[in-house]
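The two complexes that follow have chain A in common; it is paired with chain B in the first and with chain C in the second.
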Partner chain A sequence: MTDIATMPQPVSFGRRLKRFMADRPLIPLIILLIVLVAILQVLRPGIVNERWIANTAKFAIPLAILAGCQTMTMLTGGIDLSVGTVATMSAFIMATQIVNQDPAVAFLLAMLPAVLIGLVNGIGVGVFLVHPLIMTLGTSLIGTGFLQVYQRTVIASGARIPDFLNWLGTGLTYGFPNALFLFVPVAVLIVFMLNRTGFGRLLYAVGDNERAARLSGVRYWQVITALYVLSSLLAGITGLLYIGLIKAPSLSLAEPLVLPSVAAAVIGGTSIFGGRGGYTGTIVGALILTVLTTLLTILQMPEGGRRILFGFIVLFVTAAYLRIIEDR
Partner chain B sequence: MTTNPLPQSPLLDATGVAKNYGAVAALRNASLSVLPGEVHALMGANGAGKSTLVKILTGAIKADAGRILIRGQQLDVRSPAAARRAGLLPVYQEPSLIPDLDVLSNLRLTGTPVEPFRAWVRELGIPDLDIRETARHIPLAILRVLDLARALAVEPDVLLLDEMTAALPANLAEKVLAVVRRQGEAGRSVIFISHRFVEISALCDRATVLRDGATVGVVDIEPGIEERIVEMMLGTRIEKTRVAARAANEAAVAGGGRPRLSVRNLQLGTKLNDVSFDLANGEVAGVFALEGQGQDELFAALAGSIRPTGGSIDVDGAPVKFSHPSDAIQAGIAYVPGDRAEALAMQRSVRENIALPFSAAARKWGPIRMRREQVVVSSAIGRLQIDTRAQGEVQRLSGGNQQKVTIARWIAANARTILCFDATRGIDVGTKQEIYKLLRELAGQGKSVLFYTSEMEEVQRVCDRVIVIFGGRVVDTFPVEEADEAALMRAAYGLPRGARADVGILAEVKPGSSAEAAS
Partner chain C sequence: MSRFLRNQGWVAGLFALLIFVFVVTKLIQPGYGSGDFGSLARAVLPYAFAVAAQTVVVIAGGIDLSVAAMMALTSVTAASMMNGASEEYALFVVPFVLAMGLVLGALNGVLIVVTRVPDIVVTLAMLFVLQGAALLVLGAPGGAAAEWLKASVVGTAPIPSLPDWADAWVPKALVLLVICLCIVWIPLRRSRLGLSIYAIGSDELAAFRSGVPVARTRIVAYALSGLFAAMGGLSLTISTGIGAPIPGPYLLASVAAVVLGGVALGGGKGGLLGPIIAVFVLRLVRTDLTLLAIDPNVTAIIEGAIMVAVVMFGAFITIRGRPVGATP
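Right, the complex of A and B next:
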C-alpha cells in the first residue's frame, strides 16, 4: 500500500542526478576536483605527475588540518580565526627555542600559547557568550602582539628549523610526502571523533539546537571550551608542520591560510550556521583550493587578477554546491 | 450593575466576527458590544478565541467575516495604526517598550505626549521614574505599568487590557485597578481580559463570555454570577463528564512510601507563590491551569532550568538544588517541553536525538558503543512505535512522531520521573492516545509523571490526581474522580470548591472595592 502511495513519478534525469548527489554530497566535490585537475593537464600537458601530486598534497595538508579546526567549530555555529596566529606562534617559538633548548622542552613551549589561546577562546565563547568571530579575532590580535614582543628577545640567538620538522614538512618516503604520517592519523581521528564519539555528537547537537542540548543535560561551556582548546592544539601542530614546509619563520607565517581554511570547510559542505557538515568534505575542499591556486598560478595572471578570480570561483562553487546538496 | 435608564448606543460593536486558520476555526461567531463609560470583561477558557478576537479588534490580524462598528461607523481596522486612530488602544501582556531605547525615546517613537504620561505614571504609583532609563533595565512589573500609562496618555476611547494585573505586585495592581475604574467614570470604555473573578467583580460592569470561538453570553456582573460564567464557559460539556476507569490506577496509588518528589513552599519571583505538593512513585499527577499562572516556571524550576527564589525541592526525601538541567537529569527527572522545536536537534537523526542525553556528561564524551546504543534506541523506538521511514533527519518526521522522539529519549535514558509539559499539544488524536497509554504504563512500572495540560479532558484520561494552579499558587488538589470539568474550571479560576451561588467569591470582595464596583 505504502509502495503505491510513495511510488515515484517518472522524474527527469537531471532531478534524479541531483537527488543522487544530495544523498552523497562527497561525489560532486570529487567530480569538481577531477575536472580541475583535467583542466590543468590540458593547459600544461604532462604537469600532472607523481611529483606534482606529492607537492600538491604537501601544500594541501596544512590547509586541510586548519580547515578541520574550522569544521569542528563551525559545526557548533562558531568559527576559529585565531588558528593562523596560533600556528605562527608555535612555529616561531619552536624555531627559536630549538637553538638553546632540548627538543621536547621546545615542543612544550611551542604548544603552550596554543593551549592558552584555546582556553581563553573557549571560556570567552562558552562562559561569557562572546561571539566566536569577535573572540577569536581578538585573541588572534593579542597573540600577534605577544609574538612581536617575544621576537625582540630572541633576535640575538637566531632561529633554526629542526631536522625532524624538515623531514616531516618536505621529505618523501617511497614517493609519498612524510606529512601524511601526521595527516592520516589526524584525519582519521577527527572523522572518528565527529561520527563515533559522544563529544562529536555534542558538537552537532549544540550547533543544531543549543537549548535542546541543554535540556538533555549538556553543559554548553564544557563542550565549547574543550572544542576551542582542541582546535588550538591542532592549529599549533599545523604550525610545526608548516614551518618544516616553508622553512622561513616569520611573524605572519600561517596568516594567509586562515581565510582559505574557512573557505575549504564551507566548500566541503559544512554549514556556518552549525549542525551540518563533516570532515571528509573539508579535506576535498582543501584539495580543491590547492589545485585551484596552482591553476591560477599557471595562467600567469597578475596577483590582483588571480585573487579576484579566486574569490569569484570560491563564491560560485559554494553557492552551486549548496544548491545541489540542499535539494529537499 | 449598570442601571442605565436610557439605552445608550455602544461605543464599540462587533458582530459575527469569524476567523479561520486553514481548516481550524479560531473564531466562528463572536460578538462584543461595549457601552461608553463601561468596563467590560472578556472571558473564556483557553482556546476559546479571546486572543484572536483581541487581535482582530486591534488590527493585528484581519477577520474573515463580521462587522465592527465604532461609534456607529463601520470600520475596517487594517493595521494597529488604524485601530489607534479609531481610538482603540491595547495593552498586551508582553511589554511593548523597545528594550534598547530609553523611556523618553520610546514615547517619541509612538508620538505619546510626555507630560500626561508622567502624570499617569505618578498616578499609577511610581513616583520616581527616571524617564532617561533604558527600558531593558526596568523591571517587568514597572514596564507593564509604563505600557498602561503610555496608553492612557493618548486618551483612547476604548482601552483594551490583556491580563493587566498579572505579574504586578499587590500595591501596583491596586493602583492600576483604581485608575481603570476611573476611566469608566470619565466616560471612556475599557475591555478587560482577566482570569481573576475578584478583579472582575471589583471593576467590571458586564462580561462577554466566549466559548469555542463564539459569544455564548453577555451578563451583568453581580454577586454569584461567577457560577453562571463558569457554566457558560463550559457549555454542554458539563453533562458529558465521566470518570475513566483505569486498571493501572489502583496499583499506582498502592506504591506509597516516601514521595518521589516533594515540593515545599516553592517561590519564584512574582510567578510562583508558596507552591507545595508531592509526587508519589507510580503516579501520574496532573497540573491544570489557565495560561500564564506560573506553570511554566514551576516546570522550569523542577527541570533545573531556572533557580527558585525560595522553598525546597526534595527527591526521594533528600533535598536538592538544581543549577542546570543536568542536575535534574542526574536525579532522574526529565523534562519534555510542549514545543518540540525546543527539544530536538532537527537536522540530526532520530537515533542521535534519542541518544543525546547519553553523551551529555563530560565523562561520556569518549567512543560510543554503537551496538549497545542501537539496542537501547531501537527498543525505545519500538516502545513508542515511532514511524522511522524518515529517520535521517528529525525535521522530516510528522509532528506526532517528533513528539514521540522527545519522549523516547527519556524512556531510553530510563528516567524515573517525567515532567510532561503540554506534550500532546497540536498532535493527532491517535498519537495522543498512544502517549496517554504510555504514561499510564510508566506509572504502572513505578515511575512518576507530572503532566501539565491545557485540555481538561486529558486530566480524566491520564491522571490519578490533579493539582490546580492559579495566580502562582496551588489552589486545589483533587482525586481524578472528583475532577470533572466543571470542578476543574472553577478551581482554575480560583473559585473555592463547593461555593454556593449565593455566597460566591464576589460576596467576599472587600467592602471598599465592592463599593467601587457598585458605583
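Right, the complex of A and C next:
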C-alpha cells in the first residue's frame, strides 16, 4: 500500500505543458515573440535591423507603460479604461500650455487632470464599489468633455511640442531610443513595487481574495484610491512621451492605445480576475503586440481587422489561462 | 408582495420624476410643445433600445459591454446595404439586420457559456471585435436609409379616435418604440423563458437545481439583447440617415438608465418600464441643459457626471441591500 502512495504518478504531456505554461509564462511568450520576428524577417528579408529594433522599442514603450496601468489595476480585479483619455489630456494640455508658461508649470498643469481623474476613479471603485470598467469609462467620457471645452479656450494660442519631449520621444543615443531613459526606471519601479513593497503585495492580496484582505485589516478603499491615482499619473506621463513621438496634438491622441494596453497585459499573463500576473510578462506582451501590428501592416490588414484580432486574442488568452488555473 | 409593491413604487416614483422634469422644462421654455416632444421621442429611440438590450442581460445576472458596438455594427450594416438600393430592398434589410443582431447576441451568450469566462470579459472582447467589424463594413460615416423608414419616425401617428390636440402628443417614434418593445417583452415576461431569465439572475444555483436550463436561458438572454441592440442600430440609421462606425455613448447611458430604472445590477429584479422611463428622464434633463443655453460640450460633461453619479448611487444601494459582512 505504501508503495502505491509513494510511486510518482505518471503525468501526461499535456498536463506537464500546462503546468509549465502556468509556472513560467515568460518563456512561451518570448518564444512567440521570436517566432513573430522570424515571420517578419521571412516576409520582408532585411527588415530586422538596428533601426527597426529601435523603432519597435519606441512604439512599444508607451504601450508598455499604459499596459503597466492595466496590469496593476487588473491585479486587484479591476481595469482602467480612462488611461487613453488621461494620456490625451496631459499631452494636449502640455502642448498648449508650453506656449505661454514655464515648462515646470505646464508640466504640473498637465498632471493635474490625471490626478483628479485617478482620484475620482479610486473613490468610485474603492468607496462606492462601482465596477471599475463602468467607473473608468464614465470618467473618461467626462474627461473628453472637459478636453473639448478646454480646446476652445486655447484655440487662438496654438500648440507646440517642447524640445525635451521631442528628444525623449524620438531621439536616439548610441542607437538606443531616449524613451528608455524614462521607461527603464518606470519598469524597475513597477516591478520592485509589485514584488518587494507592502503596497504591491496588498494589490495581489486584494485581487486574490478581497474579503480575506479586508478581514486581515487592509483598508480597501485607501489601497484602491492610491492605485488608481498612480495608474492615472503613469498614463499622464505616457501621454507626454507619446506626444513627443507622434508630434500631432489631437483630441483622440492616445485613444487607439487603450484596447492594445488591455490586450498586452492579458497576453503577458496577468489575470483579468485579479491576484495573478506581473509586469515583466506585460512588457513582453507589449513587444509582441507591437511586432504583430507591424506584421499586420505589412500584410495590409485594415484597422478593423486588427481590432477584431485583438478582441479574439483577449478572449482566447483569458479562456486559456482560466483552464490552466482550474487544472492545478 | 412587498417586493412587488417596492418595484412598482420605484416605477411610480420615476414617473413622478419624469413629470417633474417635464414641468421644469415647461417653466424654462414656456413654448415647449408637442413638436419638441416629438424630437425628444426621436432622440430617445436609440437610447431606449440600448437600455432595453442592457436590461434583459442585467436581469439575467450579466452585463453587456458590447451594446454600443453592436449598435454601431448593425447601423453601418443597414446603412451600407440600403445605400443606392431601391426602397423595396429595405424590406429585406430590416429583418436581415435584426437577425444579425440576434445571432451576434447569441454568439456572446455561447462564448460565455462555452469558455466559462465571466460576462464582463467576454463582452469586452466582443466590444473590440464588433467595433473592428463595424470599421470593416464602413470605414467612415456614410451610407443611406430608405425614405419610408425615415418617414416612420418623423411626425405624429394618426390615431382616428383621438382629437387633434392629443394626437399631436403621440409621435410616431414613440409608437414605434412601444410596439417594438412590447412585441418582444410582453410575451417574454409571460412565458416560462422569461421566468427562467429572472431565475438565473436571482440565484443561478437555485435555478439550476430547480431544473432551469441555465446555459440555454443565458444564451437566449444575450440573443434578445442583441436583437434590441440591432433595433437600436436600425433606429440610429433611420433617424440620422447614415451609419457611423464609431460607437456612441450608449454603453454608459444604458447602464445608468438600468440602475436609475430600478433594475438591480446583481440581477433578478426589475422590469423594462422603469429603465425606459429613466432614459426619458435623462434625455429630458439634457434638453433642459440645452434650453438653458449651456455650451453643448459642458452639457456633455454634466450629463456624464450625472450618469456616473447615478451608477455610484446604484452601487451604494446594492452595498446597503446586502447583509452586513457579506463579500461585496
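One rule holds in what follows: the second predicted complex is superposed on the first by the 279 of 328 C-alpha atoms of A that agree within 3 Å, B and C clash if a C-alpha of one lies under 4 Å from a C-alpha of the other, contacts with A are read in each partner's own complex, and residues count from 1 in each chain.
The criterion applied here is as follows: contacts are C-beta pairs under 8 Å (C-beta built on N, C-alpha and C of every residue); 3 or more make two chains touch, one makes a residue touch a chain.
All values reported here derive from a predicted model rather than from experimental measurement.
Taking the superposition on A as described, I'd like to know which of chain B and chain C A:L116 touches: first, second, both or neither.
neither
Pick one for A:I246: touches chain B only (first), chain C only (second), both, or neither.
neither
Give one of first, second, both or neither to describe whether A:R211 is in contact with chain B, with chain C, with both, or with none.
both
After lining up the shared chain so the two structures overlap, which partner does A:G275 touch, if you call chain B first and chain C second: first, second, both or neither?
The first partner, chain B, only.
Given the superposition on chain A, which partner contacts more residues in chain A: chain B or chain C?
Per-residue touch count on chain A favours C.
For A:R196, select first, second, both or neither according to whether it touches chain B, chain C, the two together, or no partner.
The first partner, chain B, only.
Touch check for A:T318: first (chain B), second (chain C), both, or neither?
A:T318: touches chain C, not chain B.
Should A:G124 be classified as contacting the first partner (chain B), the second (chain C), both, or neither?
Touch partner of A:G124: chain C, not chain B.
So, does A:I27 touch the first partner chain B, the second partner chain C, both, or neither?
A:I27 sits against neither chain B nor chain C.
Need the overlap of the two footprints on chain A, from chain B and from chain C, as residue ranges.
Residues common to the chain A contacts of chain C and of chain B are 211, listed in rising order.
Flag every residue of chain A that touches chain C in the complex, lowest number first.
120, 124, 128-131, 133-135, 137-139, 141-142, 144-146, 148-149, 152, 210-211, 259, 262, 272-273, 302-312, 314-315, 318-319, 322
Along chain A, where are the residues that touch chain B in the complex?
Its residues touching chain B are 192, 196-199, 201-202, 204-205, 208-209, 211-219, 222, 226, 275-276.
Residues of chain C touching chain A in their complex?
My answer: residues 63, 65, 111, 115-118, 120-122, 124-129, 131-137, 139, 245, 249, 251-252, 255, 265, 295, 297-298, 300-301, 304-305, 307-308, 311-312, 315-316, 318-319, 327-328.
Name, in rising order, each residue of chain B that touches chain A in their complex.
303, 305, 324-326, 329-330, 335, 337, 341-348, 352, 355-362, 364-368, 370, 409
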